[in-house]
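Listed below are the structures to be examined.
In what follows, chain A forms one complex with chain B and a second complex with chain C.
Right after this comes the complex of A and B.
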C-alpha cells in the first residue's frame, strides 16, 4: 500500500485511527478511574472527528449525523454519567492497578498482531487501506476485551466494554461508510440504554457487596463448586 | 401487512402503557391481553402466509422459516403471561418485589416480546442485531428483579457476557455489510437479507468466512454454546420463573435463528470454494461440545432451575449440531427440535415455578413428594421431564430420532457420541427427578393454587407433534428445510 497516493484527508483518517488504537493502550495501562474516564472521552472525541472527516471525503451526508451522535454520546454523555457515578460512590481516588503490567501490555501488542493476521486474507481485494483500518478496529475491540478481563473494578470493566463499542464503530464507519441510518440510530439507542443500565447496576452491586470489586461477585460460582 | 404490524407492535404498545398502570391486578390482565392480541395477529399472519407463501416489504420479511417461530413466540408469550399473572401476584404479596418493580416487570415483559418478534420478522441484519441486543437490555433488569446479591451477580454476568458476545456479532455484521458493498451495485441494500440471499454467490468468500466466526461466537453466546454459556444457568436460576421460561423458550431460539440466517448466506458465498462446509463444521463442533458438557453438568446441580438451564444448553447444542450437519434430514430435525424444545422447556419452567412455590425453595434436596402433595404439579413435572429426555411418543423423540438417522448417514461414528450424550442427560435428569416427584412429603407441605392449563396445552401439543405433524406445519418445515439446505425432504 502506498500512503502517498491517498488524499490528505484520507491520510488524516489513518492517523486518527492509529490515535484511537493508542488511546486503547493508554486505557489498558491507566490505573486511576477518573483518568480512565477522561481517556475514554478523548477516544470518543477522536472517533467523532474521524467520522466527520470521512463524511467530508465521501458523499454520505448521514455520516455527519453519526459523527454528531458519537460526539454527544461517547465523548460527552457517557463519560459525564460515569463521572457522576464515580463521585456519587466516592471512588475519585480509587485506583485499579494491573497485576502484571508488562505481561498485559505484551498481550495487547500480541492482540494487534493477531488482528492484522486475521484480516490478512482479505488481501486480494486491493483495498489495503480498508484492511488496515479493519485490523485496527478489530485490535481496539480485542483490547477492550482485554481491559475487561484484566480489571476488577466494575467501572473499568464498563469503560472496556464501551471502548469495544468504539472499535466496532470505527470498523463500521471506515470500512463501509457507516451502517444505514436506521441501524446506526438503533445501535446508538442500545448503547445509551446500556450505559444507563450500567449506572443502575453500579448502585445495586455496591449495595449488595459494599464495593465495586466484581471479583467478590462469586456466590454463584462457589455454589456450583459445592455441588457434587 | 396489518396482521404483521399487530403481531409486532402490540407488545411495544404494551411496553409503553404498562409502566403507567398502577393497579397490579389490571397490569396482570393487560399483560395477558397484549400477548393475546399479538398471538391473534400472528395466527392471522400465518393464515396469510399459508396462501401467499411469503411476504416481503417495509423492512420485514416473512417466509416458512420464521413464520412458525413467530407463532411459537407469541404462543409461549401468552401462556407464560397466563402463568405469570397469579404467580407474580403471589411473589408480590410475599413482599419479595415492590409494586413499583412490578410495573417495571410487566413493561419489560412486553418489551422483551417486542424485541423477539422484531428480531424474527425483520429483513435487515442490522435491525436484527439491534433487536437481539434490545432483548438483553430488556431482560437484564428482570433477572435482578429480586435484588438479592445472587440475582445482581447473575444479572451482571448476563449483561457483561452477552454484551461482549453481541459486540462481536456486530463486528461480524459490519464485515457482512462490507462484503455486500463490494459485491452489490446498490450498497444501501447491503444489509437486506433477501437481497444478500439472492446474491450470496457473489459475496467475497474469505470476508464472509471471517464474519461467520464472529457471528457464531457472538450470537452463540446468546444461544448458550459452551464455553460461552456461563451466564445461562445463573440467569435462569436467579430470575423470576416466568422469565426463565421466556429465556429458555424464546431467546435461545431467536439467537439460533440469527446464526442459521447467517449460515445460509455464508454457505451461499462459500459454495464454489474448497472450504464450502466450514460454517457447518464450526457449528457441529460448538454444538457437540455444548451438548456433552451440559449433559455432564446436569449431574452435579442442586438448584432445580439451574439444572433445567443446563438442560437448555444441552438441547441448544443439539440443534446447533443439527443445523451444522446440514442436509435436508438434519435441518428438518433441527427445525422441529426448535419447536418442541421450546414448548416443552417453557412448560417445565412453569411447572417448576409451582413446585418451588409448594416447597418454598429451589434446592433439589428439599423438593420432595410432589406427586402426593399436588398430583397435577407432580405429574406435570414428571411428564415434562419424560418429554425433554426424548421418550416416545413426545415430539422431542421424533426430532432426536431424525437427527440420529441423519448423523448415521453422514458421520456414522458421531452417532455413538450422540447416543452416549442422550443417555447421560437422561440419567442426570432422572437421578434428580425421582425423589422430587415420589419422595417422602416433608411435614406441613400444602398444595397451592396452580393453573396447569399452560402446561397441559404445551405438553399436549408436544404429544400431538410426536404422533403426527399436521400437514400445514410439515409443509412449512419442509419449505424452510429447502431454504436452508437447498433440497426438500418430503
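Right after this comes the complex of A and C.
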C-alpha cells in the first residue's frame, strides 16, 4: 500500500485515523476529568469528520447520516451530559493521576504494535488500505480498555468505555463502509442509553460511598478504610 | 560551478549569522506588540552585540581554560551545525555532511561545553543551570532523533538535503507520520532553544532560569558569543522545521532567480514561524521545571506515534 496512489481526501482519512489514535493516547495521559471529557469530545468530532470524508470518497450517502449522528452524539450530547454530571457531583477540579505514567504510555505503545501485528496477516485478503485503519481502530479499542484498567475514577472509566466504542465505529466505517443504518441507529441509542445509565450509577455510587473512586467499592465498610 | 557552490555555502553561513539576531528581534517585537508595548527596534540585538564586543571581558580568577575556550567552542559548533542545514538551496557541496546525526552531534558538543563552562567557576547557579540543561537535553535528544528517524524512513536517508528533496519530488502528500514528527520536533525545539513553557529567555529569576544560569559569569565578547550561539540555535531549529517539512520554494539550481526565490520563501516562512512562536509565548505560562519531563515525554510519544503510523498507515513506503 502506498499513500502516493491515493487521492488527497483518502489521505486525509488516514491522517484523521491517526489523530483518533493520538487523542486516545491523550485520554490515557490526561489526569483532569474535565480536560478528559473535552478530549473525548474532540475524538468524537474527528471520528465524525473521518466518517464524512469516507462518505464523500466512497459514494455512500447513508454514511453522511451516521457522520451527523456521531457528531451529534459523541462530540456534543454525551460530553455535555458527562460535563453536567461532573459539575453536579462537584468534581470539576478533580484529577485522577496515573500511578506510573511512563509505564502506562509504554504499555499503550506496545498495544499499538500488538494490534498491528494481529491485523497484519489480513494483508492476504487484499484489503490493504483498510487493514491499516483496522489496526488503528483495534489499537483504539485496546487503549480504551487500558484506560478502564488503569483508572480508578468512575467517570474516566466511562470515558474509556466510550472511546472503545469510537474504535469499533471507526473499524466498522472503514472496513465495511458502515453498518446498515438500522444497526447504526440502534448502536447510537445504545450508547446514549448507556451514558444515561452510567449517570444514574454515578449518582448512586457517590451517594453510597461518598466518592467515585471505584477502588473503595472493594471495601466492606468505611471503617476499614480508615485503618489503612 | 564548484567554487561558486562553495561560495554559496559561505553565503548561507553568513545569512545564518546575520539572520539569527533578526529572528530573535522579530519574536521579541511580536511579543511586545501583543503585550501592548512598542518594543525595541529590530536592530537592537546587533547594537547589544556591538556594545558587548567593545566592552572589557572579565574572567573570574578561579576560571580554568575551559571557561575561556567554551564560548568559542559553543559558537563554532553551533555555526557548523547551521552550515549543515539547507537554508537557500539543496544540492550544495556541504550536503555531503548534512546528516541529521552529525547535526545532533554538533549540538551535543556545544551543549557539553556550555554545561562544563557553567560548572567551571563553581558558583551555585552555574551548577544548577548545568544540571537542569542536562535534564532537559537528555530527554529531548531521543525525541528529536525519533522524530527525525520517522522522516528518514520515508526518504530512505538521514541526509537532510535528501529528505527535503524527497519531500519536494513527491509533492503534497498528507502523511500522518509527518504530522506527528512535526509536532514532536516543535516541542523538542521549544525545549532545546529555551523558549517559554520550558525556560524563559528573558528571566534572571534564580528559581526558574536554565540557560541564563550558565551564562551568569560571562561578560564582554564571551557573553556576546554565547548569546549569539543561542540565537543561532533558535534559527537553526526554525530553518530545520520549515525546510524539512515544507521545503517548497527552496532553490534546486544555482541561478540568481532561484536563489532569490529561495531566500524570499525561507524569510517568509521564518517570519510566520516567529509570529506563531510569539503568540504561543504570550499565551502560555512557564511551567514548573519538574513538569519539563512530562512535556518532553509528550514529544517522545508524538515521535513514537509518528514512527508507528509510518509503519502502520503508510505501509512502510
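By our rule, the second predicted complex is superposed on the first by the 218 of 228 C-alpha atoms of A that agree within 3 Å, B and C clash if a C-alpha of one lies under 4 Å from a C-alpha of the other, contacts with A are read in each partner's own complex, and residues count from 1 in each chain.
Going forward, a contact is a pair of C-beta atoms (placed from the backbone, for glycine too) under 8 Å apart; a residue touches a chain by one contact, two chains touch by 3 or more.
Just so it is clear, the model here is predicted, and its values are computed rather than measured.
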Checklist line | Fit-or-clash call for chain B and chain C when the two complexes are aligned on chain A | finding: fit
Item checked: Per-residue touch tally on chain A - higher for chain B or for chain C -> B
Check: So, A:8: does it touch chain B (first), chain C (second), both, or neither?
Finding: second
Margin query: Contact-wise, after the overlay, does A:110 reach chain B, chain C, both or neither (first, second, both, neither)?
Written below: neither
Next item on the list: Angle at the Cα centre of chain A spanned by the Cα centres of chain C and chain B: state it in steps of 10 degrees.
Entry: 160
Next item on the list: Once the structures are superposed on A, label A:21 by its partner contacts, choosing first (chain B), second (chain C), both or neither.
Entry: second
Margin query: Looking at A:179 after the superposition, I want to know if it touches chain B, chain C, both of them or none. Which is it: first, second, both, neither?
Written below: first
Next item on the list: Would you sort A:35 into first (chain B), second (chain C), both or neither based on which partner it touches?
Entry: neither
Next item on the list: Check whether A:135 is in contact with chain B, with chain C, with both or with neither, and answer first, second, both or neither.
Entry: second
Checklist line | Smallest separation of CA atoms, chain C relative to chain B, angstrom | finding: 18
Notebook entry, point to check: For chain A, which residues belong to both interfaces, chain B and chain C?
Noted result: none
Notebook entry, point to check: Along chain C, where are the residues that touch chain A in the complex?
Noted result: 170, 172-177, 179-180, 294, 297-298, 301-302, 304-305, 308-309, 311-315, 317
Notebook entry, point to check: In the complex of these two chains, what residues of chain B are touching chain A?
Noted result: 59, 124, 126-127, 129-130, 133-134, 137, 140-141, 144, 147-150, 152-157, 159-160, 163-164, 167-168, 170-171, 174-175, 177-178, 181-182, 187-188, 190-191, 204, 206-207, 210, 233-234, 237-238, 300-303
Check: Which residues, counting only chain A, touch chain C once they are in their complex?
Finding: 1-4, 8, 11-12, 14-15, 17-19, 21-22, 25, 29, 101-102, 105, 109, 112-113, 116, 128, 132-133, 135-136
Margin query: Which residues of chain A touch chain B once you look at their complex with the stated criterion?
Written below: 118-119, 121-122, 124-125, 127, 130, 134, 137-138, 141, 145, 148, 154, 157, 161, 164-165, 167-168, 171-172, 175-177, 179-180, 182-183, 186-187, 189-190, 193-194, 197-198, 200-201, 204-205, 208-209, 214, 217-220, 223-224, 226-228
